[in-house]
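Across the two complexes that follow, subunit A remains constant while its partner is subunit B and subsequently subunit C.
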Partner chain A sequence: MKLANSLPVRNLKGKPVRTAVLLLLTTLLTLTVFGGTLMIISLKTGLHSLESRLGADIMVVPYEATTKSNLETIVLQGATGYFYMDNEKYQKIASCEGIGQISAQFFLASASSGCCSLSVQIIGFDPDTDFTITPWIKKSYAQNLQKFDIVVGNDLNAFVGDTLTFYGVDCHVAAKLDKTGTSFDTAVFTNSETIKALIQSSVDKNMNEFKNINPDAVVSCVLINVAEGYTVEEVLNDINIHVKKVKAIQTKDMISGVSDSLSGIADIISLLIAVVWIAGIIILLLAFTMSVNERKKEFAVLRMLGASQRKLAAMVMQEALLVCLLGSLLGIGLGLLILLPFNQLIEELLNLPFLLPSAGQMLTDTIAAVLVSVLSGGIAVSASAFRISRMDTALILRGEN
Partner chain B sequence: MKKIMIPDVILCILSAVLCLGTKFGFHACGPKEDGGWMACHWAEQAVFGLGIVMLVLSIMMTFLLKDGKTKSGIALSLAGMAALALAVPNHLIMLCMMTDMRCHSVMKPAVMIISIFILGFSIAAYIFHRKEDSET
Partner chain C sequence: MLLKAEKITKQFLRESRNTNQFCAVQETDFTLEAGSFAILTGRSGSGKSTFLHMLSGLMTPTSGRVLIQEKEIYSLSDKDLSAFRNQHIGVIPQGQSALYSLNVLENICLPYTLYHKNAHQEEALALMEQLEIAHLQAAYPSELSGGELRRMAIARAFLRKPELILADEPTSDLDDENTKIVFAFLQKAAREGAAVLAVTHETDVSQFADKVFCMKAGVLTEQNSL
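Right, the complex of A and B next:
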């Protein structure tokens, strides 16, 4: 109640238009800084999430697959698409020197189902040899997957216990994964036994691009971790030279495109934040200077009534800080209202891994944005407050200043 | 002269945005290849229907009615309908399978934000009209 009746608050209430304009300005500034920072953090969190799920040094795919424009997103992020190579290639790769861990994966894209017009990527792995997907799935589902058990990505509107039908085969949802910010969120994971049954069913129904393939005799890609004492380049070259019609790719190279795009977007956002913030401080500085000039006589009267120069400077400073605090809270509220519900749309528009940070990180970002906003307001008003503290009341009342 | 309250006018605008936006702006997923509709279409229809009723009620409250008690009753009903609109996408009526589909990424958040604002302004309108009624 004391604050509500204080002179700075009453001054702000007394000039609603001026207060509203200053409030709007600080709201927009905080929205830019908070929203921009949260975007950059989310992009970096998304990239980190993708990197942490790579798990393999080398990925081997059939040579024809390298002509697919979205190969990187199929194998790294779970976008829809599939290709196969003979199982004997897997055996040949496994016999190459320097192989530490090796595991095969199987891909299949589901046909459009009744509930949605988009197909889902189904990724199969061998539970006995897998070292990339299993550690991640174990965080959500500690047991071994049984035949026709599936684990669904976070963005699929299916829940544990539901039944999903792919190519006429009913699959039981055993677990739902944590969000990754990549296309893995809309993928389905299962063991090799189940995916082979699904591939067979797709072939039987004449819905597979690869006619007459034997699911037991093919794999989609091979993931490799290099053994100690060997370099990734050595093993990579060995596979590319000795195994025909396949392409071995270093996974780090595949992610570099995503990383470069992310870095470019993060730079643009950072530049935008800096420009808007500098422009904002200049506008606030001008706004406060004009406001103080307008109110010179008001300050002179207050001086005559006994207010010290220090008190007047403090009053102007308090008004500015109150506006900045309120504006920053509104800006943050608006930022959260846009970014939280529309994060899926932003991810689609950017076409990059996008994962909102944890609540703790978001709270830190919020506090930092409030501090930056209030501090900027303080800096912008400090010149005006200093001028008031040096003001000569007599000259102002005589109209000479 | 009849006094027009700002929250009432904002409610008219928001109801119109909800009603028209659901059909023409932030609509749900389009029809399937076979011409049939997905589950989210019915959520869109439900929100559209609620939006029409909210628009009619908010216009009545703003421009036609004079009694403070009636207006505060309408404001309360608008709040209830906003809560219902908030619950329609993916709660009362399920949306599509993947959350990166349009109904999840565009329609649901847009309906959610507008409904929250309508809820807030309805409560504000209720308070204003109660006050207006007690003053007369």
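Right, the complex of A and C next:
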């Protein structure tokens, strides 16, 4: 007999309401297990992405930046803002002991209207020394950026070949970056030459908060990787002691707020998964037990017609596994349907870096979720299957009248 | 000798009545030849169904042996006994026995499909023809009357041409005319070589049978010529 007409399938089709309820249960079970783990994985991938985007041990900013402008919202949450310090600070920092890699960055926020196409954070880097942004840009754009070339974050509504205007200066979109799940998705990147021209133009138009600033004499922040043989703390303290009016921050500390709330959310989701999973197994157990009680007569008839105890147990097991398989596929489909289109929204709601994992990782998660729910169904039905194989056929056949 | 029961006894524990043990069938000997049709009568509760279930391999006797084709069926494993019942014993139980998610034809073909054998639909249809339910083959059991359901169960029991037919009140919800049809059908099966034992309350069907037995409080006696 073909699978589509086999007894377990016919039994499932013959009781559409019961089957639908079981399907719904397993769908919800898988949705939680799959969606939940995918969310945890995405948050972790996002954090990892943020770490590698920051890519430096230490970030040095002007002291006011830590008080006046909210540094963390700029770096971590994609708020716009900018601040500057004298170039001389950069020289002083560079001469500190234990500096491995060092590079300056330049910030500018574009205005929300008038002379600018978009309101974004513009980050300029020095192509000669940069070690955080260039490796990542290289993935999308192999060439060097020319003057007035810009690279846009993945979430921005701008595409390669577009021209964006900032403070009256036309810039050419050379590349669009891969998604990072971090504040960098809403930023624009360019080299130091270009951003200096933009800063100059904003000053000329009297639109920069810092009047009379000379773009060639300032930097916004300095990123440092510690040389081998030195600890981050040593270098950090050295800079904070010897260079005035700047603040050296360990990037790990900056992210620690993010990773704390991330692990908080991950804990909540894990708990939710555990609760739903246990409740799911219990409900499935009850559902199967009830369904088997109600079907005693049917099993007795099959026994009478020559079905062995094992055959009956196998039949019930197959029904359950079929339902769980179908339900888990539905649950995964539903999970993808929610997570794929709305991951942006989730990112905004959680205010945490959120990056869907690679296809391979997703496939692993999918297979794991299917296994978990099919296994749960198997566990839940095994008691019923055992009970059926042990039932007293004669008693049931007699008991009907 | 197709069927032979040696001193089979069935005792039940009746906790509710506080009389520890109750004997539904007492040390009963019974034989049934191939090609013979026996009828078993008796009052309600006298142990007829219990007796029949022990013969069909569905209820292990408290003591005694049941042999079918020289095989002691209760010494077989569950798997072997099930396969044996599937092939050699046709059981028509008391009460309803339809599977409601299958249609009538599929219900009748179950003895084959249970063992993944190709359903012999022509044979099933021929049986249905004889029992006058051929027109209902695509209907579902919920759409059938009690009598039609009963005839479906009879067709199903006969499908694999078993050597032994055990029927528990096969005509309890049929009218006189259909009762006659069913008993004539059972008689014909016996004429064609099967051993048939039917429990019945009908009084005027002994004409079809070769032997008539009566169960009284768990004791079986053969009734001599009518």
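Everything that follows uses one rule, which is that the second predicted complex is superposed on the first by the 383 of 401 C-alpha atoms of A that agree within 3 Å, B and C clash if a C-alpha of one lies under 4 Å from a C-alpha of the other, contacts with A are read in each partner's own complex, and residues count from 1 in each chain.
Rule of thumb we're sticking to: contacts are C-beta pairs under 8 Å (C-beta built on N, C-alpha and C of every residue); 3 or more make two chains touch, one makes a residue touch a chain.
The structure displayed is predicted, hence computed values, not measured ones.
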{"item": "Touching partner for A:158 - first (subunit B), second (subunit C), both, neither", "value": "first"}
{"item": "Subunit B versus subunit C as contact partner of A:342, first or second or both or neither", "value": "first"}
{"item": "Touching partner for A:48 - first (subunit B), second (subunit C), both, neither", "value": "neither"}
{"item": "Partner chain in contact with A:308 - subunit B first, subunit C second, else both or neither", "value": "second"}
{"item": "Which of subunit B and subunit C A:120 touches, first, second, both or neither", "value": "first"}
{"item": "Touching partner for A:186 - first (subunit B), second (subunit C), both, neither", "value": "first"}
{"item": "Touched partner set for A:138, first subunit B, second subunit C, both or neither", "value": "neither"}
{"item": "Superposition-derived comparison: subunit B or subunit C, residues of subunit A touched", "value": "C"}
{"item": "Touching both subunit C and subunit B, counted on subunit A across the two superposed complexes", "value": "none"}
{"item": "Contact set on subunit B toward subunit A in their complex", "value": "29, 32-33, 38-39, 90, 94-101, 104-106, 108-110, 112-113, 116"}
{"item": "Complex contact set, residues of subunit C against subunit A", "value": "49-50, 53, 56, 58-59, 78-79, 82-87, 91, 93-102, 106, 110-111, 113-116, 119, 156"}
{"item": "For the subunit A and subunit C complex, residues of the former touching the latter", "value": "1, 7, 10-11, 13-15, 297-298, 301-311, 392-394, 397-398, 400-401"}
{"item": "Of all residues in subunit A, those that touch subunit B in their complex", "value": "112-113, 115-118, 120, 154-158, 185-186, 337, 341-342, 344-345, 347-348"}
